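So that you can tell them apart, the chains are marked A, B, C and D in the order they are listed, and the count of residues begins at 1 in each.
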């Protein structure tokens, strides 16, 4: 039988101190697929079983130098965030200290292998600290995760009918209650129904508490589609995601309408601090920022990329805190602007409309990643006395503020022409 | 003195078995900055010293649950790929096995916390294997890293003069030799000089052997700028990077002209395999792919994002193999197309113009990441009997082929409507 | 006096049969600026005076071969749609007949100098007519003109305060009544307040009856800004238009959110008609449409340009009917899709989200342009028994349907490879 | 027979003074299609015959108020630039005088129905004139029309083979000679072969003398395709145009690589002139320009639209001079930048990479349009003592310089808040 994937016999590892060779042989002999090893081991505790499965899989595949033994709690991984596990890859975490944001001081963990990134960001926050006051000001001005199924009709009039139906307040209320019933946290905010030919792209937007929210949205959308299908039986569901969400693809839609948290960060730095800490002139910074971040990006046909290096910071904090690193594609959209104020100070703003972050779900439940969130006092669900989602919004603010610090520092480095030297000194292969 | 950053005294840890508390006290008392701890410890071996510095820094910052002790060789990190190190964050690695690409079988490591991703990709490769033949066909049709400094002139005629000068073959030859002299690997291929007002954006493109190449490009550009400045003294260098490179920002330029490796991958799957392994109909797959990957993305104003989930695979392999995860922003650009062939088979192609990858430099020298490359037989520099850069190009091919497998599987899942359930079952927070 | 622009004396042309030479001399002697000639002529009727001014201006500038005398009613032009008038340029108008749209038959005027355009469009409608039924089906699913002023604050909190204030229902109601009071037709639908740094871009969207509506929007916005300034005295108005409108610039915003009329057109053509009238196979048409209109455009980084030649039709009907030809930039956004139905027929849809059209205002009051609208029964304001804006919406539908016919025909020609020959035969310079 | 389109009998209008009613009857009786009337009239001179055909067609369609009799030479139209002609639509032409560009003074014709446009542009040039010197400086830094056929292969290796073949110098030379042999003017400059799946998009770029060049490109491409097909018999030609050209669709490709003429224009205006002529402050102009032309456009997801109103000027001069008005879509791409120089003066630059213009071909042979070109001394082919294409390049320069003047004036108006009032006063419907 072609679809056969191994018998249902189990590997008796608990009976005695198991031999790895024996286990591997059994798997081979019984034709057990690699991903099913966990399900076939019996006689030992769960965590031991999962660990043993990883060990067997490594032996079968000949994996040696990828670590696996010390730092992973496989019960947190199995069935939740990875399959066919063979170990883990450790990424160095650097700490940026003394980050003053909205009057509070943070230590910010960044997971990176790019030499100079942590040091450069640190320098940005040093300038901000020396500027005094409450540091970087931030504001979350919009919040909502999105998902956009595609539905199809044969007749244009039917597609129009659904679009019109959704636009009516009482019908939206029905959809809203259906959607919200699928989760304790998700609250539907709006549906944008975009018609194209006889297809409709229904972009749902909802707040999702402290979760990044993709799964909540998927669950809610699915339930709504069931409801809609009952009312519009000619509707054909093409796909739960129609790329009009838009997840993990650079798209103008998120840049314009936002996705996740939309944040603005602002700092004002006296000219003297710019000169003594960053060793550049305010006017030169402003000029270079316009030429690079506006003009260069405009010429390159950038979509949301009007900044120097937002993606570096987004990725580094995302990985440290258990976010989805692939969402850096959309989350790193940022417009950085610099201006010389009448008093000679530098005003720098970073506007990031689509930070897709959460402090629960995804990789945030892994202990190290959780600890990284704890360093900033924002792990897990928001404490009861605050409104839902406060932790996630705080994470978005911290990221946006850190981007600002890093933009400040890198732009200064570029002007000084020190970037290459610093990079080469720090990053070059020594072998 | 405000700028004082600690005296030059060192912490004598080698004299006796050092006490962590003592060391922390010394650092506090001597006002040693956090990033300088490594430089102040004396009397012990380098690796021990670096490890001790991390331990002290953790104690000072109160870091407990981020791991640090077991799996990191700090000599590979210090001064190269992270500063202010406090430990590391481990990401689970899953293995996709039986990946047939250009007739060879690979086991592909993916670092991810997104449940179902590895399993789904595995399913895609299962269908490809069952289709028989040489599996996914791939081709690298272009190769070149880019960097684009901005230079400014007061007069339009001077900007034009430089542009015209560069366009002359003998001058390009001079630039080429200057550029190539800065590295054993980098070979300058072209310069696109884009004029805007009285500024020039000079986009250098070069092959860079097995390195991703940003540092090589920066070094080469810097030397060329010095040469140009001598010939065009009125030229003002604004920034070594003018966002016309474009690094880590979604931009049409890379999508059109390519950056890093430009790869195409193709597979043909008989209808029977599509039905038995993916449980969908070829016609439905094609229809959903057009509606989602072309139409949905077109409506969303996507730039390069004409695919279902390329970023997931790019991020997962990037992190496992020591690539720069922030470069997933550009590297995950992908156009996925499906077609029903006259014989009923499915033809699927993924075109990825900008995979910024390397097998040396960056995070690839960290032992676990190197081991991940070794699993695929492509670690480090290309063996002597092959042409430089072959390993890096192989990595690009493997990524593109894996994207194809994942696209195939996810599109099928979306049609079946099983995505949400799989996600929810695998990924939801259990607490 | 440097700013002197001629004295206030008038040219006495009415006293006697005026000599052109005499008038020119007077203008030269009195240093009357060219644009002021109309104001200085006395003693004759308005239309004669305006015509005389054109004649004098032509004599002064030596204009001979640009026509002026026969077909222009200068009272319709002066002070309304052109200054410093020296005549007019005639564009040939071709008629497309037998255009069946929503069951009605239209003759559609197209002003063009592109050989084969009218003939090709005619062929498209011929296929549609032979398909029988009600011809092209159309639907206007959204309607609203936009304008987006920029306002600036020094403090982030103030910008946020205004954004929050506008979002409250009672405040929107106040803005709405202020806005709507500036016109009998404009009805404010929404305001999107996009924050970037400490600036706000306030995108107003309103229906505007049968007018294209830019002037209505400007007038309404201006009044609202006055009201806001009273409530938010720290608000600084930067510009009445902040390019976030977006007028006459290709931008994702209009593509996503719409501007003017958003229209879908659809036609179904039996395979036999495709073969006998268009001389191609349905499958080939579908294949070429995907490759060209989706893939080629996606690769080129198109924004809204997922079609073959929508701009040709938009421009031709715009010019014939007195629309603003520069608005073809945004109005020609179109996604054309073709599909082979189970019964073998071709289904073709054109989706155009941003047709900026009107049947009053702009150039529509000029007699020939008005006559072009009359040919289609949609000139001027909508008759009383219909709802305001019906004529403008009909114009949008006709344009979208004509685009569809032209797409159909051109795609067929491209496949046949006959395009070039037709063009060359029709369009080449004979001299 | 279904395809019958009227018999071959002719309408004998030349025998006697023809009656219109009689002619119409004959056409109806003989079932002669509207577009064929010209071919069936006999016995009179060509121009009379063509005019009579227009008259008959108008009678048949009931066209009255669209002019036709006075200002059109139908021999220039028939078989060249319009079919089914029923008359013409006249657009008012205003003259902008005293336009100083590269030291020469021009009178520039603009065909428009947008009130205030000519007056505003005139004001811009007034400021430029008062600034003294050589006025607007311009430079054409690239020149080349493009066309991109799609070709398809079943096998990836075959697509790669063609791409590689074209990249070899000797093969390009062969293609070049084939291409250039199709025209006396077209000179092939490069081919960009972009691979996507197993399709190739071959973007040809060539200089085309004084013609805009689309037809030349089509002709040359077609001949090259024939040659390629011989060498690569498995190649399937999908379409002569693959939207990778890109013609009349907003696309990043043209913005980045250019199409037609790529022009930069620059002017420097002393602060005193800005204040006295434009009534604004230089700093305010610069600030508003950054906020509107960079930031607003960036936020709106603009592609090439980093300007205030380039499309208005492009359209107006295009229509006046017989260019293709639909090409304003791509041709109006423009980046406008303003800067305050150390001496307080305003520096303004407009960069336009894709002006698709010609002084021969298209509508330029119509007498009025030709006369408009003559006003600027650039009608027809370039005089023998100059290099081919000089007239077309001059037209591009004049357009870019006029855009600059109009940008300057409009930005000043927006700051003054006078835009709306001027528009309303000039443009509103008086009826």
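FYI, a residue touches a chain if its C-beta (ideal position, glycine included) is under 8 Å from a C-beta of that chain, and two chains touch if they have at least 3 such contacts.
Remember, predicted model here, so these are calculated numbers, not experimental data.
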item: Remotest chain, subunit C as reference, centres from CA atoms; value: B
item: Of C-D and B-C, whichever chain pair has more C-beta contact pairs; value: C-D
item: Whole-Å gap between the CA centroids of subunit C and subunit D; value: 17
item: Centroid spacing, where centroids are CA-atom means, of subunit B and subunit C in whole angstrom; value: 45
item: Sites on subunit A at which at least two other chains make contact; value: 194, 196, 252-253, 255-256, 295, 297, 299-303, 306, 335, 337
item: Subunit A to subunit D touching residues, read off their complex; value: 252, 255-256, 290, 294-295, 297-303, 306, 335, 337
item: Residue ranges of subunit A touching subunit C (in the complex, touch as defined); value: 137, 139, 141, 156-157, 160, 163, 194-198, 252-253, 255-257, 262, 264, 266, 301, 303, 335, 337, 349, 351
